[in-house]
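You will see two complexes here that share subunit A, one where it goes with subunit B and one where it goes with subunit C.
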Partner chain A sequence: MDHQIYILIVEDELEVMDAIVNDLAAFEDQFPIETANSSEEAKQVITSIYESEQEVGLILCDHILPGENGVELLIELSTLTHTQNSKKVLVTGQAGLEDTVKAVNQADLNHYISKPWTKEQLSDVVTEQLTDYVIEHKANLLPFMARLDGTRLSEAMRNRPLTDH
Partner chain B sequence: MKLSSKQITGIVLGALGLCFPLFITLPGLSFAGHVGLGIFFLAAVFWMLEPVPIYATSMLVILLQVLLLSKEGLLFPETVADYTPTGYTAFIQTLASPIIILFLGGFVLADAAVKYNLDRNLTRILLKPFGSKPKYIMLGLMVVTGLLSAFMSNTATTAMMMTVIIPIIARIDANDPLRIGLILSIPFAANIGGIATPIGTPPNAVVIGALSAQGINIPFGEWMLLAAPFAVIALIICWLLLLGLFKAKATHIELDVSGTFNTSRNAIILYVVFATTVILWITEKSHGMKSAIVALLPVAALTVTGVMDKADIRKLPWEVLWLVAGGISLGISMQQTGLAEWIVTGINWSSFGAILMIVVFSGVVILMSNFLSNTVTATLVIPLAVSLASSGVAGEGFNLIIISLVIGVSASMAMMLPISTPPNAIAMSTGILESRHMTKAGFIIGLFALILVTLYALMYWPLIVN
Partner chain C sequence: MNTSSPVKWLNERDVILRFIRKLTEELPELKSHTIKAEAGTILFDRGHQLNHLYLLMEGEVKLSWTNKKKEEMQLIKLGPGHFVGLVAFATGGKTLTNAEVSAESVILKMEQHQFEQYLSEHPRIMHPMQQLMISNMVERFGNNLKLHTKTNILTDELKSERNELKAAYAKLESTHEALVLQEKMATLGELVAGFAHEINNPAAAIMRSAETLKDHFNSESSNGILSLFFRLGLEQEPMNSSEVRSRILKVQKEFPWINNRPLERKMAQMPDKAFALINEHKKKVPLEEMVQQFEAGKLIHNIETGSKRVANLVKSLKSYSRQDKNELESINIRDGLQDTILILGHRLKYLNLTVDLQPIPNLLGKMGDLNQVWTNIIVNACDVLDKSGDIGIECSANDQRILVRIWDSGPGIPSEHLSRIFDTNFTTKNGQAEFGLGLGLAISKQIIMQHGGSISATNRSEGGAVFEVSLPV
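So, the complex of A and B:
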């Protein structure tokens, strides 16, 4: 498959980054994972993914980052054409109410995961968000049935004109 | 858009096929026949290698026929010695032929059923009596799938049933072969169920359309009388086979059959229109109103009452109607140019006995349709049967209706590969089974189908047709 949907993780603490990548290992065969340690790097990664004609389906972002913080980054990304459709998840323990509200209102935040999370919780959220993403943006849902939420994908297919030829 | 090498091969071969009359002259075939054969080559290559979508090929076929074979076209402005060109309307009016209108009625009903959740709610109700034993649950799933796919597209039925079955399978132990049996039971039952009514699946339309071009009208009820008993037996064989191949370890399955019917005004109108239409279709003999006329009832009633709005009408699978119309149109020109007759006279058919003829047609169609679209397979093979009948070269005992049924039914019995039918592709995509499971079960079903088709064609269908 030449066209791939990437998962982007933005996190400055190495141990946390490793933990997230490990927890999401099961997705990697179909959804390659890219990582960035800062907002600046995240934007570079996004540009390079976009330039190789791939797309970013999901962004998991920490709030406290060097330089621009996570909420500001997500707000910025929600205005860019490459990433406005990407599902955006804040993974953090330190975002205050005000920042979180800002993220929901201005960055179309899709989910908020508070630290610490469990592997199951994280993988459920990723499944749900990627399922939403492919239902909204992909014509052919079959390649995602096995890895994502097959029941919801089947339901989405049922509501599209399906034929026998 | 980058073209794959398979697409390029398809386009080159198709173009060569279309142009062949410029280079080669076949003895005994008129020039119009050559042109017809060129169009047939192009269509066959395009349908097999799919450089463009199969419905697009059908659209192209209609255009080429109008341009090259009609009275208003480029090549035959006047009648020539061996070809009387027909008006272009003969080709374009296939789009409004009775079988197309019948399908349109079926589409509107099926889409409205999905919109108001009738399909899912019926599934819940119908599954209730099947209890919680795995083997009866599988039977229940297959019966419901078969029943729904007789009126809806096999693919839409499969997608809906996947929403029912995936949660069930998730609760079964990962090493239990029952999971494989269950996931296969849905596409197989959907493929088989499509056989039961004229609107069940497009190959039926191809067959009925071809017969009607020969002046043979198959009423809705008669098709059901011919095909539904076949579908029922095939479904039971398939069930027993899946039980045998994938022996369940679980002894009990929880099934969530709760759910309530939509009782809004629109949903009630749909239930009434659906029931009335189906009853009128089945009882055509008693009131004499043709099924295509009855099909206008849901089309008009559901739009007049606003049950289906503009967006719903736009969502109908219009390309299927083009696909079938293109096939019917191709059949017409093969007849009129003398091409079909020329093809069949090359073979000494009378040396084929009745049984051999049935086995060959069924076997070839099952084989082809494992690799090609079922509709395309039926479209490519049916003109052969029609010309065998009209040219009279077939031996005694050749019955066009029976051979047409053999072709139509066999086209739906190919289910060895994920690419054989869209329902198979959906089941395969779940990742619950491996393709060898599908191939093994599908191969055995194909063999049984060959035997079953032969038995029906020799013993049961003649009782109804004659």
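So, the complex of A and C:
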């Protein structure tokens, strides 16, 4: 398969993971989903994605995780070359104000979703974040028109300076 | 009177006064300055320049002082033989007191220059006058010294009283804090009990609906193979992500024609048995339908697992808080420990927990209060361990006593803290606003003592701290 943008979900409760994956199934034809149950596993998954020359466009992360917590993971990922551009979203019911502020300030947190979420809310956030990601990092936006926010993508294309193809 | 020999004439004011009285009879100038004053006559007020000196021959003069609140404070009463206004007169300064005649008096009233004149013109009067003045001064100086001593004693008394007050205030404050915390815990308990009650209904609705939904699927499905997939889904425990990843590869190898990642992921969570069934039936039954049935079963399984967890948590919360009746009753501490462990699941989740709860007899106690003790100790251990380490919770019984041991593999308690750890207001969590109130262990001790038991904190030889509670059956 050609170059693909991954969605990574980090969540330690398997039933909850299942629910998030189901809610985002519609994105998978274009944005394959990878999952991890801990911060440690998340980092391994990220490494293997980049080793197969793919990239991670969006990370959805729970806060309470075994070992390193979600905010710590996001802060760490924001300093690594592979993941510093990835959009980062905290999906949690348990991060206190202090942790959240830390995530916003130090990990460039892009969005915060509190549990329980709705499918519509989750899809909207993922659409918005992936749209931002491709506008910022992709030269050709046409392939994303159908799945992501078409209006914003075409606007972005109009505003782009002509490149010497 | 005095054993040593005092300067005798200083104490013979009467004799001197009698002599002066005699002189005033003999000297017309002096006699003309002798006045009679009724009670209530004001000689002078405080803070004025004084032109006259008064020598009280008979009667009584009251010296007083008016404070800022305009209240008159009486200082001393002067009797015959005393000068009035002597200090102001001698220094030329302002009067320090008010002087008022308090009983009908005879007073010798002289202006300054007259006074000096008499002294120089009548050597006979000079000597007794001087004696009288010195006697006056000596007496006042003596009074002054006594006053000083008295003031010092009073200051000391005030100081120790103030220290006692300070200590009493500090004690009051910590009692107040303890009361506030207890009140908070009580409110929290009430809230929890109310919350548990309220959430029970929706939790029951979810549980019952899942059950009914399960029956519907099982009976309505006419197609045998589809209901088989539904049942497989129902039995399937969720897989962790690394297992899902490796099984996706297996699915891709076995069913290379699918090429649909969401579908592959769903199939990855099926047991191998299902793969054989798919291969067997894929010609007659669409693959998507089989996967959908499996998925439906799995989702209902998830609903059941989730709602059962909610119900169990609520049950534990209710028995943990015991708000409805936190009173002496026959209780089993083992149940309380189990509830506490479940309630603190979010803290204990990532620690290596060893639980050894042996059967123990019931005792008469307050379940809610005792659970607060276990919670305090366990939460402290979790705080110390942060995210990794061992924690052990044990109970056993011997010789009519119940023993509870809670240990951790943390750094242990610094020896200088061991003796103070159960004191009110002792905390090492300064600056952390959350629960570091420093009352947890003090209250714990109080609760254990109310149950006639004892609590101790020591360090284990293999490292870490251990709290031991011993309670009589």
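The definition used in the following text is that the second predicted complex is superposed on the first by the 159 of 165 C-alpha atoms of A that agree within 3 Å, B and C clash if a C-alpha of one lies under 4 Å from a C-alpha of the other, contacts with A are read in each partner's own complex, and residues count from 1 in each chain.
The rule is simple: a residue touches a chain if its C-beta (ideal position, glycine included) is under 8 Å from a C-beta of that chain, and two chains touch if they have at least 3 such contacts.
Keep in mind the model is a prediction, meaning the values are calculated, not measured.
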| item | value |
| --- | --- |
| First, second, both or neither for A:154, with subunit B first and subunit C second | first |
| Partner chain in contact with A:41 - subunit B first, subunit C second, else both or neither | second |
| Contacts of A:145 with subunit B and subunit C, given as first, second, both or neither | first |
| Contacts of A:104 with subunit B and subunit C, given as first, second, both or neither | neither |
| Which superposed partner A:113 touches (first subunit B, second subunit C, both, neither) | neither |
| On subunit A, positions contacted by subunit B and by subunit C | none |
| Subunit C to subunit A touching residues, read off their complex | 238-242, 244-245, 260-262, 265, 298, 302, 305-306, 346, 349-350, 387-388 |
| In the complex with subunit B, residue positions of subunit A that touch it | 142-143, 145-147, 150-151, 154-155, 157-165 |
| Residues of subunit A defined as touching subunit C within the complex | 14-15, 17-19, 21, 25, 28-29, 32-37, 41, 45, 64, 66-67, 69, 94 |
| Residue ranges of subunit B in contact with subunit A within the complex | 54-55, 111, 114, 153-156, 159-160, 162-163, 166-167, 194, 201-202, 315-317, 319-320, 323, 373-376, 421-422, 425-426, 429-432 |
